[in-house]
C-alpha cells in the first residue's frame, strides 16, 4: 500500500521519552523525527528542567515544521517526552495534539500515549459524575484524571498502577513528573514500547528505529502490564496486572513499523521478506517480474522475487515530494491522466506479466487504481499477491480503518475483490504464515479473524448492529479470510 | 549516493512547457512537481493568456511550497513554461530563479533553460559594450539579450537561431511569446528535452516522467541543434547548426534522471540495472548480500544481486521526512550517534558480508560515513562497488561538482580511495559498460575521461592552472579511470 | 503614556459575546478587533452551531493575524464568544489564551473572562484535593471547575451563581452553552461589561466601542453581582450577591478604554478632557503650548489647552507602523539616536516652553525619555502635568503594574520623581478631580490610595513583606498621593 | 482624509540612503520605517560591502514584515540605499519593487527612485530599438539603461547627468556604486530629498523625519537639477540643468508628508495648522465644535479651532490595528453597520453642530460616509471645511489619483459636491492660502489649477480626449477651484 493521502490504514501515534541527557529536547526532536511515519498530523515535546518546571511546544504538522531552532531552544532540561499524531480530523481537533501538561499543586506532570481505550466512554461519564472536567477527547486526558482522582498523593506509582487497572484496551504510555519518567504498556501488549540506554541516561520509544536515530542502544522491551520507572536511581519495574498476553498487533509488522525497527526481537524488514517468500510458497504465480507497491510492500516483493527466482523490478515509482501542502488535482485533471504520487515505470512493465505485491487491501480503491495504471502502461497481466490475509474486521485498538462497511474484505469474496480491482488473479497470505514469519505464538490478528482479545464495550453495541448472522465465527480456510 | 544535503553532485534544473490546453498553469504545476528531483531551491511558472499578457509566479522552495491554490489561480492562459532550480547559493541569489519575463514593445516574452554556457563571460562583456544591462547572472537573461540585440524583429525565429549559434555549451531551453513556444537544445545534445502530445496541445519537458504525470504521450526528443516551434499550426522544426553530436551526459542515466524516465529511448531504471549486472561481471565479489544506497543506486543493486544470485536486501533506510526546514544536528550530537537521513537496518546487516552498490563517488565523505555506519551496525565486510568509472574531472556543462580539488577521484588512486572510505575492497565500472548499458555509441563521459566535447574558454584558463603535467591524457586501464 | 512595548500598565483582556445573529463569528471578529487595545498577545472565538457543537479558533497575535477567511468560515453558528489577551509572558503561556471549551456529557460549554481572582490559589488547592485537574493557570479554567464541581446539573444557572459566590476579585465573564449565553460581572463592578441589541439578537462587550463597530445599539450595563442570561426567550437577570459596590477601576477611564467608549454612562474622551481642565485649574502653568503624549493623553491635553487658552500642539508624533514583528534597535543604535515609536516634532517644540500632559507615571522611565527627547529637540522648558494622582500601590484586580518596587510613585516624593524624569516642574491631579470628572461617587482608586475594596488573600501575605511602616495609610494631601 | 484602504490619493514611494556608517542596513531599516507612510506595498534595501559586492533583500509588505533579524544580518556593509513602495496593483507587479541591482563588468550598481517620468514611453521605445531589454515597467530600470547606454564608462557622473537630462518629469533618486552614493532630484523640484549628517557619514531621505529616526542631523536639501555625490571625499555637487524651478508638490504639505518633517524649510504640521487658521479666516462657520478627520487633517483642525475659539474635539476615532491582513466586511455586514477603520465618538458629537475639517476631497465617497456616520451618531449639523482648494485635475508626477473621471471636483460644482457628500455646507481653502501658509512663491498646484509645469507627452494625448472645452483655463474665484 502506498502511504500518503488515500491510504486507508492509520495508526494512532508514536511516543518517545529521554531521561538524563543534556539537550533532551534536541534528542526528542531527532527521535520523534524517526517516528514520523507513525503520525504526521501534529507533534509535541515537553521537557522538565532542573527546577521541575515543564516546557511545552506542540502544533500541527511534521516534526520539521512544528519545531525550529528557537522553539527547541525554549525547551530546557535533561528530560523530555514527545509524541507524533496521525492525520485525521475525525477523532478530534488540534486540542488533542499530545503531550498534555497538567498543573497540580502536588507537582505538575505530563503525559503522552498511543493506542485506544475501549472503555473510555464509561470512565469519562463516571469521572464527570464526580466533578471532573474535560477539555479534549484524548485518552491521555482521561488517564491523567484517573491518576489524580481523589488520591492520597503519597506514592504516585500506586496511583498510576490503579489507573492502569481501570482502563481496558491498547496503549503505550509515557508519563513525566519533575524527576521521573514512567513507561507503561497495556496488559495485552498490543503496541510496541522499548527501552534503550542513551549516554548516561535512558530512552523510551514506540520503535527501536528511534534508538538508532539518537545513538541509543536497545536494552529491552517494556513488558505487557508493566510500569517501568526511570529516575536518578535507574530503572525499576512494577507489574500492575497478573493477566498478561503478548497480542502484538500484526499490522505493526505488516504495515506500520519502519523496516529498520525490531519489534519484540523480530526485525520488520526480515518479517516482511519472509512473508514474501511464504506468499510465493502458498501461491506460486507464473509471470515475468515481481513489482512491489512502494514503500511498505517492497520487502515482501524482494522476498517473493527471491523465492520465485524472478526479477525484482522497480515497476512503480513513488514521488518523494508529495507533502501536506501539495495541491490535489481536480477530478477533471485526474480523468485526463494527471497523477502525482505513484507512477508506473512504463519501459519496465510494458509487455510484461506482473506479479504485484501489496501488504494489504483495505478499501480496494487504491489497488484498483494501481492495477489500471499498470495495464495502461502496457502490462499484459497483473496478478495481485497480498502479503497478509483478507482484512475483514474493524480494529478497535488504535488502527483507524474506517467503518465495517468500508472494508472491502468484510462483505466480499476473494473473487469479488479480484473483479473489483481488475486483477488477473488475486491471492492472500494465510494467517499461519504470519506466525511463521514472526516466529511467535501470539499475535493480535483480529482484523483478519474477528477474534478480539478484549471485550468491546460501547463498540460491541455498535458492532452488534452491523454484524450479520454468524459473524464473526472463525473461518475455516485461513487464506480465504 | 544519497541525494539530500551533503550529496556532491547537482544538476542545474529542469524545464517544462505546455501549449494549447485549458488550465495550463495547473498542468505545469504537476509537471514541474515530477521534475522536482532536478532542483529544489526554487521554481516558477509563467503563463500567457489569450491577450498575450504574461503572468509570473516564482519563489524559493519546492513546487508544493511556492505555489498554492491562489497563486495558481492567478496564472490564467492555455500556455505556460516552468522551471525548477537546483539548490546552491554559490551561483547566484534568488533573483536567478527562472523563468524570466522580458517586457518589449515588440511583444513580451519568457524564457527558461537548464545547463551551462561556456562562453557566457565573453558574450556578456561584448553585450555590455553595446549597452546591455544585466540584473542577474543567469544565462537565461544572456539568451534574452542575444535574441533581442539589434534585431529587425521581422522573424523572431531567425533571431533565436542566430542567438543559439553564438553560445557554446550545454542547454535545453523553452521560450514563450504571446502565441508560440520554442523548444531548443544545444548542438551537442548534452541534456534531454522531449516533446509529448497533451490533449489537443503539446508538452515539452526535461524528462519523460513529466509526461506520465500530466497525462501526455511521448512524441519524440528535440534533436541536438534543433529549434521546435509550437503554435496554432502545430509543430515545425528548424536546425540552427550543421554541427551535431549526441553527447548525452552520462550522469543523467547514472544519477540525475528519475528511474521512470526514458532518455533518448533508453529507460533510466533499465540502464542502471544493466550497469549493476555488468558491474558484477567485471567485479564479482563474494559476500552474503547486496545493499544499494537509496534512492539512486537501488536499480544497480538489484541488477548486481540478480546477476550474482545473491539476496538483494534493504540494508540502508532513507528517511522520507527530511525537508528543507529540518534542523541539522550539531557536531556534538553527531558524535553521539544522532543521524537522520540514512539508517542501517541493524538486524539485516549484522554479522553479514555486504556488497554496497553506489552510483558514484565524488568527494568520498558520504561513502566513508556509510561504510562506517554499516560496520558499526555489525557488518563483517563491506565491499564497495561503484556503478560508474572513477569521477576525476570537473563538469562544465551544468553539473555542479565543486572544484577539481574536491574530487577525490582526481588526485587519488583506487587504493587510496578505498583506504579513505574504509572499505574492504573498492571497484569501479568500466567506461565501456556505460556504452553497453545504454546501447549508445555517443555519450559525454568527460567527468571520467577529461575529454570535453567543447572548447572551455574561461574555464580552460582556470583549469590550465590546476591540471598537472600530462593531464588529461587518456588513461589506459578504463576501470581505473 | 505611549502604549506599545515599554508601557508599564497592562490590563488583562477584553471579552465579547454575540447571540442570535447570522455569521456570529464574523461579528465577533469585528467586535474583538475594536477591543484590540485591551490585549494584543492572543485572541480567540468560539461559536456554537445549531446542533450545539462548539467550534474554536484561537492563537497568538492580533485579531487580524490570528484569523483569516478560512478560519472564520470554519466557525459556523449564530452564537459566539470571544476574547483578546494582553501581552505578557509572565502570567502563563499560550495555553492560557481564551476562550476555553469544556467537553461534558451534560453539554459542552465555553468560557472567557477578564480581570483577576484574588482567592484563586485557595480555590485551586481545594478543588485539587477533590480530584480536579488543571491544564492552565487561567482563572477561566478555575471558573469552569467551580461551575461543574459535583453539581446536580439540573439548573446550570444555579451552578454558575454558586460558583460566582465562591470567587473574590475582579472579573467580567461570558459563558456559552449550546443555546445560551451568560454575562456575569463581579460584585464590586471593577471592570465594565455592557449589553447591546444586535439585529434580532444581542451583543455583550467589555466596551461600548465594540457595539459601534458591529452596528449594535447600547441597551444597558451588566450590574455588579448580576448574571444576565441570553437565550431564545430574550434577556433574564439574576443577582447572585446581596453585597454590591460600584468600584469601577478608575484606570479604565484614565488609560485603558478607547475614547469613544462610554463606561457606565460616562464617555472616556469627555472624562479625560475634563481631567485636563481640572488639571489646569489645580496647576496652572505658564508656558507657550500644551503637548499630549499620544495616544491616551491627547484628550486631557486638549482639555488643559482649552482651559488655559494655550495652543494645543502636535509636539510628539507616534508611529503607526510599530507592530509585533518590528526589530528593536540595539542599545548601541539607541545611543546613537535611533528611535522608532515616538518622535518630537522639532519645528514645533524648538525654542518653546512646553506643558507636557501624560495620563500617569508608573516607572518613570518613559517620561524621562520623553522629557529628554523634547529638550534635545530644542524645548526650553518642559513642565509635566499628570492627569491622575501619584500611582503608588500595585493593583490586584487585573492591571499588571509589575511589583511594588517598580512603581516610582511608591517610594519617592513628587520632587524626587521630578528630578528623575528631568522635568522643570511636575504636578499630579487630585483624587477628587477624578470623581468630579466622572460624575461618580464610587470608583476604585486603590492604585492611588492603597485602599483596596477586597481582602487580598495570598497577595496580602506578599504585600505585608514589602509594605513599610505606616503604609498604606490614607494620605492627607490628595495631590501628593 | 483617512489613509488606509479606501483613500484615493497615493504617492509613489520614498527613498533613503546611508553612507559611511557601521551596520548601514540597520539604519536603513529604521529610516525606511519612518518613511513607511509613503508606501506600504513593498520595500527593499541594498547594501554594498567593502569589496563592492551588493546585497539585496526586498519583498511585499511593510518594512517590519519584509525584514527580520536574519535578513538584515545578511546585508553587510557601510553603505545602503532603500525604498518603500506605495500600494497599488495597477502599475506593475512585485517585480517592480525597488531598489534594483544591475550587474555590470564595469561595476555593479543599484538604484531607487520615487516620482513619475513623463516621457518614459518614448525613451523605452528608443532604447529598445538599440537593443535594450526590460524586465519591469519601473522607471528605475529605465534610468539604469539610460545611464549605461553606450557610455565610455570613464566618468560615471557624466553618464548620470546625461541620463538625467533625457528624462522629463518628477523624480528623486539615489544611486549606489561600489564606493559612492549619488542623490539626484528633478529640475522642477517636485518631490523633497534632503541630506543629513549621520555619525561620521551621511544620510539621504525623502523626508527629514527619517533623520530624526536614525539620529542624523539635517544638513540641506538636494536642489532641483542637482546631483550630489557622496563618497570618501565627502559631498560634491554638480548641476545637470540650467533650467530650475521650485515647483514642490503642494500635496506633500497637505497630505503626504509626516507632520514632523520639514519640507524645504517649512514644517508640515505648522503648514497644516496655518491652513486651518486661514480656512477659518476665509470661511468662519458657526458651530459647537471642530472635528478633524484623522490622521492627516488633525493639524488643520487644531488651527481652525484655535482661530475660531471653538473646542477642538475628538469626534472621530481611527483604529490603530487595521493592517494588510484585515478581513474587509462584506457589503451585507457594512449595511448592518459593521465598520472598522473610523468610528464616531457618539457622546462627543451627539446633539452638536460640527465643523468637520478634511485635507482634501478626491472622490467624495469617503467624505459622504463620514458625514453620514456623524449624523447617525447624533450630530445636528455637519459643515465640511476642506483645507485645500477643489481637487480637479489629475496628477502626472507620481500622485495616483485615478482617472479624471474619478475626481468629483473635475466635473462638479461646490454645491453639487456638497449635495453629494450630504453636508450642511462645504467650503474650500483658496490657492493663495497655500502659498501664504508655506511662505513660498513657487509650488506645483496643478491638481487645483490644471497648470502643469511640464509638457505631458503621452499623457497629453490621453488628456486631450477627456478634457472638455475651455478646460483647463484658470478659474477666477480661487475658493471655487
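Assorted remarks:
Every chain is named by a letter (A, B, C and D) in the order it is written, and numbering of its residues begins at 1.
The definition used in the following text is that a contact is a pair of C-beta atoms (placed from the backbone, for glycine too) under 8 Å apart; a residue touches a chain by one contact, two chains touch by 3 or more.
Since the structure is predicted, the reported quantities are computational estimates derived from the model, not experimental observations.
Simply put, subunit A must spin 180° to overlay its Cα atoms on subunit D, rounded in steps of 5. Using the mean of the Cα atoms as each chain's centre, the chain most removed from subunit D is A. For the pair subunit B and subunit C, the distance between mean C-alpha positions equals 61 Å.
Per-chain Cα centroids separate subunit A from subunit B by 37 Å. With centres set at the average Cα position, the gap from subunit B to subunit D is 49 Å. Residue positions of subunit D with contacts to 2 or more other chains are absent. In terms of inter-chain touching, the protein chains here make up one closed cycle, each touching precisely two others. Taken together, the chains touch in the following pairs: A-B, A-C, B-D, C-D.
Contacts from subunit C toward subunit D in the complex involve residues 23, 26-27, 29-30, 33-34, 36-37, 62-65, 67-69, 72, 199, 209, 212-216, 258-260, 262, 267, 269-270, 273, 295, 298-299, 302, 306, 311-314, 317, 319-323, 325-327, 329-330, 333, 336-340, 343-348. Interface residues of subunit D, counted against subunit B in their complex, comprise 56, 93, 95, 100-106, 124-125, 128, 130-137, 144-145, 148-151.
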